[in-house]
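Chain IDs A, B, C and D follow the sequence of writing; residue 1 opens each chain.
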Amino acid sequence: MSHNTFGHLFRVTTWGESHGAALGCVVDGCPPGVRFSLADIQGDLDRRRPGQSRFVTQRREPDQVKVLSGFVFDEDGETMITTGTPVSMLIENVDQRSKDYGEIARQYRPGHADYTYDVKYGLRDHRGGGRSSARETAARVAAGALARKVVPGLVVRGALVSMGVKGIDRANWDWDFIGHEDNPFFTPDPASVPVFSAYLDEIRKAGSSVGAIVEIVAEGVPAGLGAPLYGKLDQDIAGNLMSINAVKGVEIGNGFEAARITGEENADEMRMGDDGRPVFLSNKAGGVLGGISTGEPVVARFAVKPTSSILTPRLSIDKDGAEVEVRTKGRHDPCVGIRAVPVGEAMVACAIADHYLRHRGQVGE
Amino acid sequence: MSHNTFGHLFRVTTWGESHGAALGCVVDGCPPGVRFSLADIQGDLDRRRPGQSRFVTQRREPDQVKVLSGFVFDEDGETMITTGTPVSMLIENVDQRSKDYGEIARQYRPGHADYTYDVKYGLRDHRGGGRSSARETAARVAAGALARKVVPGLVVRGALVSMGVKGIDRANWDWDFIGHEDNPFFTPDPASVPVFSAYLDEIRKAGSSVGAIVEIVAEGVPAGLGAPLYGKLDQDIAGNLMSINAVKGVEIGNGFEAARITGEENADEMRMGDDGRPVFLSNKAGGVLGGISTGEPVVARFAVKPTSSILTPRLSIDKDGAEVEVRTKGRHDPCVGIRAVPVGEAMVACAIADHYLRHRGQVGE
Amino acid sequence: MSHNTFGHLFRVTTWGESHGAALGCVVDGCPPGVRFSLADIQGDLDRRRPGQSRFVTQRREPDQVKVLSGFVFDEDGETMITTGTPVSMLIENVDQRSKDYGEIARQYRPGHADYTYDVKYGLRDHRGGGRSSARETAARVAAGALARKVVPGLVVRGALVSMGVKGIDRANWDWDFIGHEDNPFFTPDPASVPVFSAYLDEIRKAGSSVGAIVEIVAEGVPAGLGAPLYGKLDQDIAGNLMSINAVKGVEIGNGFEAARITGEENADEMRMGDDGRPVFLSNKAGGVLGGISTGEPVVARFAVKPTSSILTPRLSIDKDGAEVEVRTKGRHDPCVGIRAVPVGEAMVACAIADHYLRHRGQVGE
Amino acid sequence: MSHNTFGHLFRVTTWGESHGAALGCVVDGCPPGVRFSLADIQGDLDRRRPGQSRFVTQRREPDQVKVLSGFVFDEDGETMITTGTPVSMLIENVDQRSKDYGEIARQYRPGHADYTYDVKYGLRDHRGGGRSSARETAARVAAGALARKVVPGLVVRGALVSMGVKGIDRANWDWDFIGHEDNPFFTPDPASVPVFSAYLDEIRKAGSSVGAIVEIVAEGVPAGLGAPLYGKLDQDIAGNLMSINAVKGVEIGNGFEAARITGEENADEMRMGDDGRPVFLSNKAGGVLGGISTGEPVVARFAVKPTSSILTPRLSIDKDGAEVEVRTKGRHDPCVGIRAVPVGEAMVACAIADHYLRHRGQVGE
């Protein structure tokens, strides 16, 4: 994992800025013979797309993906089959609303990467945040759509489990509700929708923003994936999730809760199932022991900070060292954690696909 | 980062099992001209060494390190100077107490990697946990001791901030107390020692174990380190920490707290300092914005689960699929989080050293 | 170096097939602040472009490059400045002449990768050779154009030094002649043009093809580049050149000649120059000793086999195992070695740029 | 491949200098369940060991290998079985003959890496050549012994095919003769022994040295190995061989000869064999087409330059820039190409083992 590439055998390289001509990714190392359709990729992109409710940025982007290489069409002329060569995917930037970037180009938004990009590189593409824009995550989602196809039986789903000080009731968890048209939050708890709506309207109207916690669950992960000690499955999932802009914490299974309990409370006991296969009586480990998958669902959560692009004025400096007050106008997500759900799914799917191939490489099937 | 190697330019490969002949590491890519002494390495190893109080495993290991390559002696015959070639370090296993591994060889301890190593590889070195033993961390600490020397002015320190349900009072934080001879816990709060002592004695006598949270603070990290988007400094720190056995969660700066607050609460405002350099008025970001260091202290915390090697019997199965009750006798840490403190420091130091070189490679000094 | 990516700090990922929508590359890790223009990239691509004489394939491709990311325009609106983020470059495929691929889709051309791609992946994109087409090298040339800008003072030039049984007279070597409009061969020897012309006309009319040897000379390579023992500068140059389709041999400096002579004949003696810097009295080493650059010109040669796409019928089999005779009609280069010259330059430039950054990372400037 | 590590899934990291305490390697990613014995490793090391005839250096090293990790003993207590964790192997340096390194420490031997190591790193371990010593190749051979076991049915053999101006008669090729006790040259041609003996005695007595060409043939390589376009099997073989100190050229199959002939001469025609499998009527490609193995024997040759450690005085400079004459006394190989034979075998075996695992990872078995 280096610079703008992640993964070892299922390798994803992303490129592109918020307001350049396009952005995209190259997926290298995908097995041959994987069947997919443009609709598979587009479907995931549409879930991440802005402009779908008042709770996300109003930037209008069709996010139409083009697949430029690495496949042949099946005889139906629609199903695409990977050939084992790199799959290049591209999404054009359409809504590059012309505006005066004068201040933003020179001022550092507190809590944003403006300052650090400038310190590191000596210059930056300030238009729309450049490479640090949430828009970059479209490329991750496209790659993830392919990753999902690599591991037979793999299902990766995500949910928003808290927003600011408001949380869900896990007793109400309903995966099917997440894609429901009346659910703009990716929440699995129908009862939380009015709560989150009221809360976020308030935040939004105040010109503020708020953080969130997202949970990803991967089912159908074969036991045995992970390359200890420095390529652990949970380590790579943690790294992948932490690479998403605005993520400040990651946990696997019961995570930080494990630090508070005893060994006998934390251990997932085992029995033999009726089918002669081992059964875990609980899954506090989140499907990973010693860095290797147990066959139980892999569970990861990550914390997304509130965006620092807010209307409320904050103290800062500009490129010349002058002290300024910064207010960020424009179209922004009051809770970037919402659209992080499909992004988190994609990053977990990519980690699992990579480890599936790595395990097969070292150990065979 | 792959298998048993981590880092890109400052690369560490570790090898060895708990009860084999030896364990060690190879540090590749270390800059030439780095001056160190055996005492530097040994000092860090001694901090991690078992057998120093009743609160850690009673296994007696001198953990004497040998440096086999990659240096020349300075004229004093004592100071070692790296030559830019690989530094190989080796620690012999001395206390390989002979015992009957009959049951352990066949039974899977719940919550331990026994089952997953067997599922992945088809066989495992069961003696003392083999590669998944905490003993492996000695190699990380040795590498970290060298990493600390790579970045001029870098100081990386760690502290235990909670143990099970007991925490410290941050108002009492005293870095100097951590190395104090009356402090067997790496706690920065003198008042916590009797609390932790009583609590852990109880846990230990009950044949149980407990988790902990460790905080690492790196000062002297130059602004500009980090390679967005998939080699972010915080991402690599998170991955490095998550690669330590028993770690289940990682956070940077205010971490999961960021998910609960608003954008204006979370943003670290900036002013110009008297010396004409930017000053952050707070450090909720933990020294990293957009994956790049800000120049503020880098702060990371990680959750260590309680060891699953406990006396309390737990339900499990064995290699043949028979249902068994497992009790783990032998010398074990009631709170592995304690000795994880110098290990966490080492892993953070290695991540920073690596990014220091990577930044210098891409951008120059 | 893995799959479709090469380089460590200056990393190039290429993608695309001969007859897909487009092909391109992503250059990751390029230092910020590198100034270039579209004309720089296009100029190198134009040198590689087919259709420029009767001695190369008549496929007509404008090979117009688009730079999609990783730069900002300077105030002149023309000069591009890298930002340190990935530079994505794309070249559309225009001349995808519609034809019946029936036979080629099923038959294996002897000496071509048809069979091995099918054996490896179970399917292949047969149109125009798919990924194994010479067309893929356009992406290498685009990346190389950027690489040339990374190392101050670097000049990388190439020349065709032999074609089949015909060679040049090194006494006539004239670098300036290589770009001359009357020189369709990249030969540095004006006297060789009529010889090569007559020879290749004969080959071409016979429906045959012929191999060639290309020499690359890089001047301005600072002493000290190379990462022994397994990232030697000459090793990475050799690997880069061998990765070009149809290359079967590589040598550095006097290469295979070194195997025939004695130690005293082979050693490049040293003296001190008038400027107080070391001077080598010869350069049999080709600018590399122990895998590290000496400061002398880096010299590499590679052997390009004759294309196996020829009119002469050859025995082969098809996908179903039937024995067939294969004749390859269509537009092909009678001597692919000619257009390999700018490709070889690009691959050497990329290796040097990568090592320049790697050296700076480990050792500083 | 970076610094001192090569391979992607079968990864080898070597460390150690000529006159340090020890040298060794860590083999990471080896599949579990590979059965080997100490004798397998030692046998290969013994073939490379110095001091076995008057034609190689008289340094006396037992080269006794220790395997420190990554295996369990089978029930016989002798057979070792890999566990999938890193295999660390160590060879102590015994014959560190004490001597005055005064001049060598300061003078640069022409044609040697003395100068470039100093230029790159600012200092070097001059004792016996440090890391650039031929002694480092022992670690490669140990790793290669394990690599041979990874691919079922793989047989990798090497032969010296020319020494200076003297070559073998391929009509006499006898693999069995290579290990014969009367064959100090790894030549496959019995008739060449007296020729090489007389020639090398002359060279040796003159205080000179001479180059050589080595050929490696790998049989039992499954079709389909190789990862185009930048991880080609032949590219990685070329890189691996070029990483051996003193190697200046590499070719695959007919290599540079391919540059001299026509397409119809060069193409290996195909027929169907009696067993219903494809048969190649020739193997000019050396078992690789488009970077992917064909199933035919993989054939590589490499040119080894004459060592620059010779008695004949050569002009050079020293660290202070003074002009000097250098004569290298001490124990040196008059033809380092001889002992390069088992080293070349090892490097080819490692490349094939790595690609075997990589192919299995991407495509399955």
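One rule holds in what follows: a contact is a pair of C-beta atoms (placed from the backbone, for glycine too) under 8 Å apart; a residue touches a chain by one contact, two chains touch by 3 or more.
The structure presented is a predicted model; accordingly, all values stated were derived computationally and were not measured.
More inter-chain C-beta contacts link the pair A-C than the other of B-C and A-C. Distance from chain C peaks, on a Cα-centroid basis, for B. Chains compared, chain A against chain D: the Cα-based superposition rotates one onto the other by 180 degrees, nearest 5. Between chain A and chain B, two chains of identical sequence, the interface residue sets overlap for the most part, with shared numbers making up over half of the total.
In terms of their C-alpha centroids, the spacing between chain B and chain C amounts to 45 Å. Averaging C-alpha coordinates per chain places the centre of chain A 27 Å away from that of chain B.
For the pair chain A and chain C, the distance between C-alpha centroids works out to 38 Å. For chain C, the set of residues that touch two or more other chains comprises 2-5, 8, 14, 29, 32, 84-85, 120-122, 131, 228, 363. Put simply, chain C touches chain B in their complex at residues 8-9, 29-32, 84-85, 228, 357-358, 360-365. Remark: chain B residues 2-5, 8, 11, 13-17, 20-24, 26, 28-29, 32-33, 66, 68-70, 72, 81, 83-88, 90, 120-125, 130-131 touch chain D in the complex. Residues 1-6, 8, 14, 108-113, 115-117, 119-122, 131-132, 136, 162, 164-165, 203, 208-213, 223-232, 234-236, 238-239, 242-243, 245, 248-272, 276, 278, 281, 284-286, 288-295, 303-310, 312, 314-317, 321-323, 337, 359, 363 of chain C are the ones touching chain D in the complex.
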